[in-house]
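First chain A sits with chain B, and in the next complex the same chain sits with chain C.
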Partner chain A sequence: MTSVHELMDYAEVIERFDPVLGLEVHVELHTNTKMFCGCANVFGGEPNTQVCPTCLGLPGALPALNGKAVESAIRIGLALNCEIAEWCRFARKNYFYPDMPKNFQTSQYDEPIAYNGYLDVTLDDGSLFRVEIERAHMEEDTGKSLHVGGATGRIHGAEHSLLDYNRAGVPLIEIVTKTISGTGERAPEVARAYVTALRDLLKALDVSDVRMDQGSLRCDANVSLMAKDATEFGTRTETKNVNSLRSVERAVRFEMTRQAAVLVAGGKVTQETRHFDESTGSTSPGRTKETAEDYRYFPEPDLVPIAPSREWVEELRGTLPELPWERRKRVQQEWSLTDAELRDLVNAGAVDLVAATVDAGVTPAEARSWWVAYLTKEANNRGVELSELAITPVQIARVIGLVNSGELTNKLAREVVTGVLDGEGEPEAVIEARGLKVVSDDSALEKAVDEALAAQPDVAAKIRDGKVAAAGAIVGAVMKATKGQADAKRVRELIIARCS
Partner chain B sequence: MPSISRDEVAHLARLARLAVTDDELDLFAGQLDVILQSVATVGDIATADIPPTSHAVPLTNVFREDVVRPSLGQQQALAGAPAAEDGRFRVPRILGEEA
Partner chain C sequence: MTSDLIRSTAAELAARIASREVSAVEVAQAHLDRIGEVDGAVNAFLHVDTEGALKAARKVDEDIAAGAHVGPLAGVPVALKDVLTTEGVPTTVGSKILEGWVPPYDATVTRRLKEAGVVILGKTNMDEFAMGSSTENSAYGPTHNPWDLDRIPGGSGGGSAAALAAFEAPLSIGTDTGGSIRQPGAVTGTVGVKPTYGGVSRYGLVAFSSSLDQAGPCARTVLDAALLHEVIAGYDPMDSTSINAPVPPVVAAAREGANGDLTGVRVGVVTQFSGDGYQPGVLRSFEAAVAQLKQLGAEIVEVSCPSFDYALPAYYLIAPSEASSNLARFDAMRYGIRVGDDSTRSAEEVMSLTREAGFGPEVKRRIMIGTYALSSGYYDAYYGSAQKVRTLISRDFEAAFATVDVLVSPTTPTTAFPIGERAGDPMAMYKADLCTIPANLAGNAAMSVPSGLSDEDGLPVGLQIMAPALQDHRMYRVAAAYEVARDAALGAPVIQGVPQLAGAAR
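Up next, the complex of A and B:
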């Protein structure tokens, strides 16, 4: 569906309104099994092969709570500086929709397992913004629908739908922020930075694959605008289907400019769910929201309450790994980075990659120069995340090692890396196949040096007169003659030796 | 004053996707009222020192080990489905509920 939107210029939006955000993030845990049954929790299986009477909602089937999922929920809560409930229950959220075979979702309602926390997120300029966390609660994922017959694969015009319940019952943690205000023009950036920080945190906790492209991390963005002189919040919309970090930023920005245009034209923002379209960067209206009481929540009678003992909570606190911001502080010290260098490293998403490369035996400066400077550009060119590049920290460390030993020049090393990224195999195989060894045979180099000196007798004379700086021209000629496969330092040595 | 109105019964019937006739609404509203009033007598005994009970057994923290157990096969899973296609449950198109 395409619809034309009136949009307000962003600067004008900021002049006239204050944006207010609320972010809901759903994260699928990567436990071995589902939340309430022993079906495998694996992405991408053949449809309806990871299902059983419990997750299909067949009559008489009873849920059995996955202890590991509760443990993960508590660890997430602790990492988000939340209080952990001393006692809480599951509830049934009743509604009919084909992706929910039980006709209710087992969720937590007014007794979330974790509540009242915060996450400090780093913005692009290195400053911190504290996002307050309202709650993190446990629930289960729904099945996946495939709409057949519609032109776009969406529900409009679809003749029927096909359901795969492999995902139904996968453990889900919903993390809800408190109202985020006071961001001004940085609202879209704060939204992206928050989801990024949350993703890094969940990754460090090793509780989820956090793959936005596969739906294991999903963000719903609530956006509203307050006129500068207003005392009450404006009407909000909730944008779903925001499937990448960049989209989080774009969706918030789009809603701000759309709502502002509606408001200044004298219109009202409709409270509704909207759908983000990655290709156009715009949102369109979706399902009208049922009010809370229509879900007829009630305590789940088939699951007993959860009462995590304080001993257990403290034990789990002890299992928290070094959290991303602690890690950043540590690497900044250990690698002697300036604030700007650390920021570049973090923005490039390269902290873990550089650390792993350092572990493989190179210096932090060498590892950083490859990941932050060169590979980040390659990732951009190839339209993938840095971590998705088809090269490992160990391979990069090996290439750096070959440069250090003089077997590769920097230029050749980049070609080797390109070969690895293009799927040509291990660095050594690329060197072999592309013939990228440095010409280290002195007699071959001497021949090239002699030729270059003969071709530029005036330069040769200068060098003989002791003007060593003039050797650069000869080095350049030799490098050209050897197609860059010579070690410039060695060439220079040979030139000086020849001319003295 | 009945404890449930005819309109509330109609609303609940709609949420539960039950087709209830006007006559049935009158009938069920009356019957449900009797049930709710009877249950409400519990409130006469409940005092501040008796917390609401949602579970009859005094158990907490009943957890399952995170160990995979065999699932149904696709054919078995779909055996009871009114319609299936491409290994999936086939359902009528979903109207007016989500775009």
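Up next, the complex of A and C:
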């Protein structure tokens, strides 16, 4: 099955070709109920328990539109600077597939609810790139097939397939970009930055869980190459199964290097759907179709047209939250951040966490130093998103407070935080259980200082001669002896007092 | 006693049950007995729910005995076209592909009937997926017209109409996509009403053509149809094409009409529905009906609706297009029969074998026409043009209703034709719906009321009355007035002319 790909060196790809992208993102809305029926819209659940005659496509059952889904679609459209249709309809996309109960998908075709917008995305160096939005339209999700018996888990070679219709009828918004060109070597980065910005936006709108790992945000990447002297677009491929932000970047980059090698060898890029493999970072062809699929779209006769009044659209515009980029601009000013500091904060995905920590009573600098520096590393080590760490901004603020009051040293504070992350309870409980209080009893410290001075008489002599810098060695010894529970500043004071 | 019960109107039965003169159980049993006697010859029913009917009847009797308030048709039996889902009772749509399917839910119409205490006797025969005008396309054998068992009872709702004419039920429910209530009504001498599109919920009506399908009441009298109409009609949030407006006052209109005065009512005669292809006896019956309307005080004017000439071709693009998509779900994955699943074949192959075995020739023909009409490159020429014709037909209706209150025409160009006569000629079959299709395309209300018998063959003829959307009551008033005048002129209701069926109780 695995085919060895000839790949071209990336720099050479860029020298000879201009990449052209088109990104299609499917977002599952987290409405309480499905798009066209009253079934609960929840991820997981025993197979085929969140179903009814409508979402199972039983004979006679009809759809009834979820108003909340329309509202979410309009809000997404507005946040993407789109025009909102004054009148639009659903359409049926007809094709046979076992996980699609009616063998047509109720979608929108030539009358999307939102169209003609843009999203400005921030690249790694802080510059902005405008991605133009073709349309955002509503549709229903399909069920899920589980192919049993084959080696790959794909339908090819499977012995039998199981069908779960819990997901059938879950509301989806498909957001399609216009052609993205002019990115040059940054095409993979633009793709990732766009999906990242979109995810942040959807999260701020509170319309979706936007979990790529659970499929509530899915990206299909269309990639083609244009030779430098060409006037027409090249043949594109559509890569599916791109399930993380990093994969978006990798998939685009891989396709660019693969297509370039094909073209340079005198071959032709096949227009096809390809499948991204996380483990190898490569794409492989999906099932090829002998003939182009004709979906025979026509207006859905079971649903009346949607005509959102301009009053309603304006009312919804008023419900838009502060959008992520506006928020960033504001915190940069309020917290006096340099562009680089802001970028680190954003890249770490820590804006909300820092803001919440600041709200809990610490300074932005203190909060940032914890979230961006220490906790980001912890999240990486634990393989989770920063926001998924088992510690709250309020807990971090309490730990910072204990450091400020001298009850914890920075080193002890990190240990407390580790304890919280490991599930040992509240910071105070960790301190208690691990015995992490600063040793502030001078008599105990004096004893340790005397022992350290006695153990290193030559250093002690230097200090007595006024070479205060030498005190560091004694501080280190004392800290070691107290297992780090001493306040280093106080230890230094005691050493100097002893030697004067 | 039995003969008395089965020949009664629904209104009479309801009154006698409510006054406890007869029990609902006796009424149900009389009809079940009648079905047992004659349905072997008629084949109006695909499934008789004896147990369910008696249980529902008992409940009505108990409620009445307990002094509970019951609806105006409580305890009256009804025959339900097998296109509406019934929880726990098989629903086949006249197709092999759904053989043995027992729906887990009730259609809204079914639920409303149950809530009103109407007793469902069983499910009636129909052309497969409501595609046909003779009930010959049923996978379970044709229904026979009680007027002449060698003739068709119309279609697709031949079972629902024949059940009335054979006195197997006083009421029935049909569905009308291109005339499937009205044309069977016309050829069996019964009343059939297609309410305004959106007037009766389609939830649980197995779709043939979603933008045209409409369920409606069938009965032997205009008042009975009106009583049933009010039970099943009304807004339903489960059907987004259902109209959120009060149900037109059709019962009051039927009672008012029965006074026999149509003074001030303007009746338009559609000039397009006449001439070649119309049986002379049908046209003579129609002319006599128009003359009677005039005698009742109506003002008669001729109205031209030129776009109606294109209704039939437009219909045969729109309905198959929607059907090709609606019927895609019958794929053996979740319900219905499954063919060829021997664990070597793919899901795609099983779908294909099942559909090949499960659908009859007319259904396949329409799926193919519809698939073609919607294909890329042909859509504008076929489906797109047909939708434009639809708009023109609506405009013709609007223009007509600007000058008249109702429009009239023959319901169907001929009387009941012999079984088998048009089976091999789809175009001849399609022409049976020539006069009924425009109202489906425009979505307005229309009904068929018997206008006596054709003088050349002694078979029933129907008068079609059409009204604007949500003005269903207008046509009921005219129909009720006409019914009284007609019976007076003929000396007896048309339906009394049905011959005795073999084995029928005396």
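Operating definition for what follows: the second predicted complex is superposed on the first by the 472 of 500 C-alpha atoms of A that agree within 3 Å, B and C clash if a C-alpha of one lies under 4 Å from a C-alpha of the other, contacts with A are read in each partner's own complex, and residues count from 1 in each chain.
Keep in mind that, in the parts below, a contact is a pair of C-beta atoms (placed from the backbone, for glycine too) under 8 Å apart; a residue touches a chain by one contact, two chains touch by 3 or more.
Quick caveat, the model's predicted, so the values are computed rather than measured.
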Who does A:Arg92 touch here: chain B (first), chain C (second), both, or neither?
second
Pick one for A:Ala61: touches chain B only (first), chain C only (second), both, or neither.
second
Quick one: is A:Leu163 in contact with chain B, with chain C, with both, or with neither? Answer first, second, both or neither.
both
Does chain A have more residues touched by chain B or by chain C?
B
Partner chain in contact with A:Val304 - chain B first, chain C second, else both or neither
both
Just to be sure I read the superposition right, which of the two partners does A:Arg296 touch: chain B = first, chain C = second, or both, or neither?
both
With the two structures laid over each other on chain A, which partner does A:Phe104 touch: chain B (first), chain C (second), both, or neither?
second
With both complexes superposed on chain A, which partner does A:Ser284 reach: first (chain B), second (chain C), both or neither?
first
Pick out the shared contact residues on chain A: the ones touching chain B in one complex and chain C in the other.
53, 56, 58, 64-65, 94, 96, 98, 160-161, 163, 294, 296, 301, 303-304
Chain A contacts chain C in the complex at 53, 56-65, 92, 94, 96, 98, 101-104, 160-161, 163, 294, 296-298, 301-304
Chain C to chain A touching residues, read off their complex:
84-85, 91, 93, 98, 101, 103-105, 107, 202-207, 209-211, 237-241, 321-322, 324-325, 328-331, 333-335, 343, 347-348, 351, 371, 374-376, 379, 383
Residue ranges of chain B in contact with chain A within the complex
15, 17, 54-55, 57, 59-69, 71-74, 77-78, 80, 85-94, 97-99
Mind listing the chain A positions that touch chain B in their complex?
1, 31-33, 37-40, 46-53, 56, 58, 64-70, 87, 89, 94, 96-98, 145-149, 154-156, 158-165, 275, 284-287, 294, 296, 299, 301, 303-308
